[in-house]
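Following this line, the structures themselves.
What follows is chain A paired twice: with chain B in the first complex and chain C in the second.
For the complex of A and B:
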């Protein structure tokens, strides 16, 4: 019943996702948190899927973090977003794909606002022109970058070198799919699968051989929600949100977690470290922590990218148990080498996170 | 020759109106899409507030239509129009009937619980609707979870699809509150060990003996009532359900595990009501039910001369009200046919 019911809902929440010719808008923070993910996305789109994608150094933040923290007013946010659309127009593209979930939510909110209140669109055009002499077109298609990978999940499956399967037992890997709140909770019809049972990541997992876990706190925020961590005194609130999720997913013994938001993988990865250090507790099976991946990292692994090129050494939770389960070839000696073979230095690894002889 | 009245829908209102018109010597053709008459009443074991059997009321209605009303069952009327002096109705099989007046009693459908996605009906095995629970009672089935375990705790969720702007239904369905009270008592009767919680917005105990039943549920049967709406349901690893509700009297969020969840689904206009209303050209209320000429004084009359309405195609109603409305429609039609003589 569960799958039948969910499939009926998924059919109702399909969205149009452009086929090619994308204007790529990077996230403010992902390159710092998991620097390999956006790079992997560009590689997969250009080299594996042969898509035309414009990576523009001139675009700026969408102001999302400032907007949601009440330090940037909506009019300013709209004008900054309009400038980014202007850059897209100038570059000759019409399909805007932000890498950040908050940006995706904010762009959606702004486009909807302009649709319902055309006078605000005119005001924004006026502000942008006065400030920059620029004009802009609205995107023909707005999709999050996880929508793009979802759209081409079967093509990726056809090229896959590895499956999301424990090769030692033949068991599909049990995967927690965690969706960023701003992906579809504000506008359910703008997300693949809607808000309650989103399919965007579950569809990738299914196509690549794994199975998703529906655990009680699946919908709960990871703790990244801006007000939960921007004020330092609130950070225990953020930690407790992640902890609530870990406690809830633990009985299902997930092999790993995938996410499509900049903050979720970071917080779910780092807070496991904090809990391990403060409470001496981990949540994965066999006394191990649960690896947390971005969807680009998961796609990269499936396609056979070198785990260290994907930046998986930047994760706090060791990724090696997952690589072993999937029998992915990797060289432990290269883990802490940078792109030019430069030694990045080995971090201090907490006792509970040590893998083999680390 | 006696004048003929066409009645579409042999639920409570249709049956009672047919009985009334027949006793006034009209020829009555009563169309029913199902095999047997009775509408939703057929699906209910016991009725609020008296806990009498639904079959007793059905028996009363059947006795009313007796041999004189011509019941045409297994017949889905898909079109109705005014043709010269007569009304013409056509079934999906192409059969045609004519009459001097038309009464629409096509009733309601239950709100599709799946539309409240976050409540998990159709997703999680142990989320039931009030109609599904009643079906267990009616068919004398043991009250067990999908995993064949006796439930230790059951939650009833009021106002599912009613008074809910998010699903587009702002109206109250009138019968769900007291049905929840009735079913909660029945659960406690059958499973005295089982804890029962009702989560409500307001308790609308407006009818005769409703308030007494509500008091009895608390005092005699120990049902707990919590003022708060369900925000989401999720499934635990043992297939029990985790629910999140705000207790608005305490002002606190509440997380609870239940073995079964019962969603008190409300009324929506039936597909036949919507279809036939459009076919005949009757006005609709903003809530989708058929509009009557005057909410207070002409409740069975529509804007189309010769077309009458009764029962839950006009608004959610209790069984008692529906019977009264059916009788009222019979007299209204009689009055109209006596005065005008023709359509």
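For the complex of A and C:
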């Protein structure tokens, strides 16, 4: 049936996402910030969704942070990216799925550049061959890993053990979605919903029973912005951008924030700690800070994964109030135990962040 | 509770927030000098202002601050006016600009009540 009106227009905001057989490219910083997220993604795709996914130890950084910080030239970046594509080709895959939003933006930028300037592609092929004797094919499909979870959100909903609902009151959890800038703002047509209506996270929230909050600064940057943070003298800009968002979302009393970018959850989580320590202020309801989750962590919680296996103890803002709301079973004694049961050590927790069980 | 020093801090937001800004002065002026309501921001006042020749002082900007309720900026600027009255002579709408300045100064000197 031919679609008309809003439905026809909405079709223009969709993107093609491969069904199976993915080459997974890890993020440099996510593995340090929230290491449980990438592990959870692999588990969900392999064990829950039964997808074929190649996690390659040989691939390197995409150079995104160096590129956006003006320390790595574009030609070098293209050659490094070409090597990663060459590893994908060698492994027999054609669907490239980076875990990092900046990588996604950079791969998109490079593929678009090669499309419009074929001589640059040839030059990159030449550079790569001279350096490594490697050749490569371009991916058939490039999607961010949040696109993959979005694509299978209804399948995940069908397997869900928990819903995004406050079980004590029966109301859907109020969730702030924060889309990484490099997902939807650089090449809007490459993201679900474009730059105007990014739907990749909101789609997951709605499918799993939650309610998304539309607040004035919803599309504002989290403040990471690379040079805003990398240079200590500029960190006020980063902190101020996050605070602007917190103040804007505060009246809506969000239960938690979800993100699909490596930097956003980190900064929105840590800056709440810094604001608590410097200004003695928290932005959540009931005098609590607002937990910040990655979409994999949210998917993992919905599917019934152990919160500590998802790495939720790595967050500065305590996650327990959210677990209580969803009535997810957890063992407080295991919070600071690593995957092998080794004691990770308990961090110093600021007064404003203390949870009743701490 | 003691505040930690991380070596950087949040910058106060610079956006114009009509929920937080205090527009008392604007309403007070509108009662005392109703001609301010017909100002249509042409900028003739600033173009002829001798104080504007050598400093960034501008009556046009003062009017903008008054309308927005940005009292800090008004207090910083208002005493730069020399009350020469040229702006009043050129105003195509006949706004009593000198009176606006005088009432504003009185308002701020009396604690802004």
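In this text, the second predicted complex is superposed on the first by the 346 of 358 C-alpha atoms of A that agree within 3 Å, B and C clash if a C-alpha of one lies under 4 Å from a C-alpha of the other, contacts with A are read in each partner's own complex, and residues count from 1 in each chain.
Criterion: a contact is a pair of C-beta atoms (placed from the backbone, for glycine too) under 8 Å apart; a residue touches a chain by one contact, two chains touch by 3 or more.
Computed from a predicted structure; not experimentally measured.
Student: Identify the partner contact of A:57: answer first if only chain B is touched, second if only chain C is, both if each is, neither if none is.
Tutor: A:57: touches no partner chain.
Student: So, A:333: does it touch chain B (first), chain C (second), both, or neither?
Tutor: neither
Student: Given the touch rule stated above, what does A:4 touch, chain B (first), chain C (second), both, or neither?
Tutor: first
Student: Is A:196 touching the first partner chain B, the second partner chain C, both, or neither of them?
Tutor: first
Student: Check the residue A:243 against both partner chains and state whether it touches chain B (first), chain C (second), both, or neither.
Tutor: second
Student: Tell me the contact category for A:348 with respect to chain B and chain C: first, second, both or neither.
Tutor: So A:348 meets neither chain B nor chain C here.
Student: A:233 in the overlay: touching chain B, chain C, both, or neither? Say first, second, both or neither.
Tutor: Second partner only, chain C.
Student: Considering only the contact definition stated at the top, list the common interface residues of chain A for chain B and chain C.
Tutor: none
Student: Quick check on the complex: what are the chain B residues that touch chain A?
Tutor: Per the touch definition, chain B meets chain A at residues 114, 117-118, 121-125, 232, 234-237, 242.
Student: Can you name the residues of chain C that touch chain A in the complex?
Tutor: 1, 3-11, 13
Student: Mind pulling up the chain A residues that touch chain C in the complex?
Tutor: Checking each residue of chain A against chain C gives 232-233, 235-237, 239-240, 243-244, 247, 274-275, 277-280, 351.
Student: Can you list the residues on chain A that touch chain B in the complex?
Tutor: My answer: residues 1-2, 4-6, 8-9, 194-197, 214-219, 251-252.
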